[in-house]
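In the part that follows, the structures are each spelled out as structure tokens.
In the two assemblies presented below, subunit A is common to both, partnered first by subunit B and then by subunit C.
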Partner chain A sequence: MIKKVFKNILFLEIVDGLSLTFKHMFVRAVTEQYPRKKRVLPDTYRGILSLQKYDDGTERCVGCALCEAACPSMAITVVSGEDEKFPQRRFSREYYIDITRCVFCGFCVDACPVDALAMTKVYEFSSYDKNDLLLNKKSLLSLGDTIAKGGGMTPVERKYKFPMEGETNKIESKKEEALILC
Partner chain B sequence: MEIGLKILVPLIEISVVLGIVLFHVAYITYFERKILSHMQDRLGPMEVGPHGLLQPIADGLKLFFKEDIIPAGADKIIFSIAPIIVLVPALIGFAVIPFAKESITIFGLTFKPFITDINIGILYIFAFASIGAYGVILGGWASNSKYALLGGLRAGAQMVSYELALGLSIIGVLLLSQSLSMVQIVEAQNRIWFVLLQPVAFVIYVICAVAETNRLPFDMPEAESELVAGFFTEYSGMRFSFFFLAEYANMILVSCIAAILFLGGWHAPFKFLEFIPPTIWFILKVYFILFFFIWIRGTLPRVRYDQLMKFGWKVMIPLSLANIIVTSIVLYIVRG
Partner chain C sequence: MDRAGEREFKSISLVIDGKAISVPEGTLVIEAARMLGIEIPYFCYHPKMDPVGACRMCLVETGGRAKLITACTTRVEEGMTISTDSISARKGQKDVLEFLLTNHPLDCPVCDKGGECPLQDNTYKYGPAVSRFTINKWGFKKPVELGPYILLDRERCIMCMRCTRFSDEIAGHPQIGVINSGRGSEIGVMHGQEFNSIFSGNTIEICPVGALTSKHFRFSGRPWEFKNRPGICANCAVGCNINWTIRRHEILRVLSRENPDVDDGWLCDRGRFGYTHINSPDRLTSPLIKRNGGLVPAGWDEAISYAAQRLDEITLKHGNESIGGIGSPTLTNEEAYLFQKFMRKVVGSNNIDHWPKGNGAIIEKLFEGSSKNDLRRFAYSHLDEADLIFLVGTDISGEQPVLDLRLKKAVRKRGARLIILHHGKTDLTRYSSPWLKYKEGEEMLPIELLKRIILKGAKEEEIEEEIKGEAEAASFSARLVYEAGMALSGSRRTVILLGNNLPDGLIHAMFDLASGIIGQSGEQRDDQWISLGLLMGHANSQGVLDMGLDPDYLPGYVRIDLDGPRARFETAWRYSLPRAKGLSADEMLNGGNNGAIRALFMMGSDQPSVQSSNNTLDLKREGIEFLLVSDITLSDKARMADVVFPSCTHAEKDGTFTNAGRRVQSFQKAIRPVGNSLSEWQILCNLAIEMGEPFNYLSVSDIMDEISTLVPSYKGINYPLLGDKGIQLP
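So, the complex of A and B:
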């Protein structure tokens, strides 16, 4: 009882609260100064999708449309095509991703047998025009180039983006070429 | 020539004091936002100028160019006058606040460190401060809005009930200093600050001052989560900023009074610290109390309306009355 009265007279509970807020004045703020300072993204960040090329510049996509089948929100449309001279060499004639429908689940990347699809770390793609967000093959390929522009990939990132084979692809693409030509 | 000087010197003093006060009013909003954000692990204004230092200017400009809306159902004359009734009493109190001890002489003109030293200084401030409550009530009434009306009524009730305790809490100080003049009150604290002789009165004064300026945890009149913005819900543009300025000017005014009545005004706390100019000491004390107000705001939640009234009438007023009685008896015995 006396203790309680004493506590009330000296505002001990309020002093407790005051000391807490005072301490927090010297705690580092959690605010990110976003447009000027950007966060370091994790290697497995799932940003906008992109089409990848082999290191020699040829397209990886073979137009199998497995990504289209895997997509839960039906954002992907693939029109498959084949080379007239070499019917074995299939490719995507047209490739569309409606990024407004994309849920960034990454299922298409998992489905791709040749690591043609990869998720970049690009997340600033807002636009005034909705048509800009329907990505065609050209914009997807240029998005793929942003990875190389951003200083390439860390080993962890590379492993995440190209889980099938990674480095060996370049050699295999050459091998394939030779096979077809002869 | 003589008469000209007699008019010129006070005019310069008034403009300087008003300029300094308005500058501090603008920047206390910045400090409040900064301190509150850092208490909540945020950064606060950062965009305008280095660390957002020009934010008050940007805010002022923005408010200046906003449309001045008068609601259709409002009482136009009272609606326009109310912000002025609130702001003027808040600024007029600074006329008797002494900032330093000695007068300064520039170009042969002698400037006092205060605009005037009337022998009822503290009474003058409290008399004018209570006029501010009229502006709040009238503004709430004239808006013809339920939120504004409720806010105005709450503000009126709160300001009237806490003014009583506020006025009673300083009587102990007046008994000790035997004067109502601000300068003489400060000079009476030459040896010992009144906060040491009147600790209870100081606590009552600070609590009532927070309530009087309608700030958290006693911001019932505004209570943005309940009443939108309270009595100035319908106000916009410069009229809104008048209310806003008045709130912060009142905050600085009550802090100045607290520094003068309890914390020894311009006196240094110890003899060896007297090399620091008295004005600096005064400003430090005022800013300490202002910081305390902001600190309280960052810490405590809003009290309920009935708790506020109960606290005011059943705790604060009896306590301050008891303080007066005890002080009078002790003084009677000591002074004979």
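So, the complex of A and C:
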């Protein structure tokens, strides 16, 4: 009882609390200064989706609609047809991803038999207009185009390894090895 | 025949997977297993075709034999013990699959069959997870064009030979076959030939892999996106049962839906690929009104009130009888009934008919007057029992193709005799013994000769005398006629089928002949019967006649000019019906019969069946002040019209059709109506409200309930009772 009164008079709790504050003056800051400084993301980060092309510029997508079947939130719509440029070949006439519905689970990327779908590290795609978030084939291909500039990657690597714009593409060597082994 | 009947009673007992069963002798092991609910995997087996044992997938182990046997070619034996899931049977099945997959490309993601593929399913269930075959797979140029509708991918083919067996055994058009031998064998057509049989589309459906694909459907979707909705084909009068394949309210494909009493599970190419008008960009989406010489879109309210106002004006000016109505034989029973009720009650005119018209009403009247039980009305199932089939002036292969398959089955599998009386060569004439060929327009001569042989007992020499005089008309010999006559009088179960466009006299003569044969030997044989039918031309030609879309008859063939029978309708409709004789369609179309018709209401589309036949609408607009048309596209008649109502195709509405074998079959709405189109019965209800005589129908089943109380042959028919197989009219 006397101890308690003594503590209260001396405001020892304040000293306790302030000591922690004082200690943190010598610890590295956790907060990121986000818009000015961007964090390096892990290679398996699942951001916005993109459609890929072969090195010669032809589309990879064959319009099999397996991504549509795999999608748990029914965000993907594929309309397949016969390619006019390459007769007798199946391709996606139309391809839509409603990214507002997407839960970024990556099932579609896993389902794709030709590695045409890939997840990027792009997470800055908020918009004032919801219509911008219904991605069509053109916007998905251009997402794939602008981001896949790095080159020199195998299709399997490319699936998850797009650097975020402005991000210093610092990859820890251990991580890369692990990914290639996969 | 009798011996075969006895044999069926002998039963064989065997044990499959520890379960005992007794089956008739001659049953295949795979069928016996199916009866027990035991699944044996297969590719080449098909219940309607002869066993071949090409794919080796159905290997099972049997006690007492060292080797595995194929369940689809082995017939059951007394005391057999079969195991379908023993270690060696399973290994056999697995190894067969591994062999089948050595050359099968694993392009399932782009294959149209992927998702509904027996090879895929069986591989998941029975096959090896990985292949030990590391050498490159077979490579072929693909695809090969087999015919106008079919593409072949030789890499995917597993040589089950279902397609070649179908076209040979069932369709009777052996146009595709196996080329080369052994591992190099492939399906193909003869050089320079193409697979253009009218039944070619069925091979796509029975192909257990994605080797045969449809040019129309190819690449258009994946099976898990589709909905299947039942429907009825409207391309001809057979009324085959179909399944619409639908994705997002668009018809992508037509598949068969087996109804043993109608189509036996097959479709013709006209039905299978004749769906393009449904989702065509030419479909009308809103009502059109003629303004300043051109048709301009308008709202429903506006169009309906304008049409009603014009009809009222013309009624006031020229009287009720100046308005005419012509329905299409593709209208449903309910719509046809409502249309004639609308014309007779709301408009008050008997100028109501359908076009194109056959002469089905004659045979209805003839049967009404006859009291012979042994003279049956034709139903498709009679073809399965008949000993003799007599075709008079009808090209079934061209007009009712799926019925032609049933006929070929009767002739080729059961050995029924076929006699054809036709002026031209048809697909069936090669099976006929004999084929009585006559000069077009002279068809009465052979009928008269047959009558003399059968009913008067004329001898061959007398017929020869007779023909001599008419040598030019007859291109058949006296012997052939005599042979046909003897066959007709000697047969126990006869089916006589008449064509749609025969002269009235011939139909009377054929009816007399048939009842003559029955009358001659009726007392001697109990099981003798003759089934007589007239094959109608269009989807619901029979139904619109039954529903009274005819100037002379009310529904159920009640004469309009007889006060007694008509009273029933007057009580039911609470209206005094017009008495004057109505004009026929031909009279109305021909410029309104010199001013007798001032306004014409043409209801229903000519697509799909009417347009594909040789009928061309010859409508003269002069004299008709107001032309009202309901159609699905801007057809020739719609272009001439003052008001056009957009109507629904049979995929977008509910209703019933009565087919050529007089079976009433219902179908439901499969997709939502295109644009603002409405079903014809809804249009009529709206128009009736606007004209001050509203009908009280909420749905087509309400109309069917009314029909069933008024039309004797449809008595007791309602939608729940119709189900998915339909009801055969008495």
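In the analysis below, the second predicted complex is superposed on the first by the 125 of 182 C-alpha atoms of A that agree within 3 Å, B and C clash if a C-alpha of one lies under 4 Å from a C-alpha of the other, contacts with A are read in each partner's own complex, and residues count from 1 in each chain.
Convention: contacts are C-beta pairs under 8 Å (C-beta built on N, C-alpha and C of every residue); 3 or more make two chains touch, one makes a residue touch a chain.
These numbers were taken from a predicted model, which means no experiment stands behind them.
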{"item": "Overlay on subunit A: subunit C relative to subunit B, clash or fit", "value": "fit"}
{"item": "Contacts of A:Met1 with subunit B and subunit C, given as first, second, both or neither", "value": "neither"}
{"item": "Partner chain(s) touched by A:Leu18 [first = subunit B, second = subunit C, both, neither]", "value": "first"}
{"item": "Touching partner for A:Val40 - first (subunit B), second (subunit C), both, neither", "value": "neither"}
{"item": "First (subunit B), second (subunit C), both or neither touched by A:Pro113", "value": "second"}
{"item": "Touched partner set for A:Gly63, first subunit B, second subunit C, both or neither", "value": "second"}
{"item": "Contacts of A:Gly81 with subunit B and subunit C, given as first, second, both or neither", "value": "second"}
{"item": "Contacts of A:Thr31 with subunit B and subunit C, given as first, second, both or neither", "value": "first"}
{"item": "Overlay on chain A, subunit C to subunit B nearest C-alpha distance, Å", "value": "52"}
{"item": "Residues of subunit A at both interfaces, subunit B in one complex, subunit C in the other", "value": "none"}
{"item": "Subunit A-touching residues of subunit C, taken from the complex the two chains share", "value": "109-110, 114, 142-143, 218-222, 224-225"}
{"item": "Complex contact set, residues of subunit A against subunit C", "value": "62-66, 68-69, 79-82, 88-90, 113-114"}
{"item": "Interface residues, subunit A side, partner subunit B - complex", "value": "14, 17-18, 20-22, 24-31, 33"}
{"item": "Of all residues in subunit B, those that touch subunit A in their complex", "value": "35, 37-43, 46, 295-296, 298-300"}
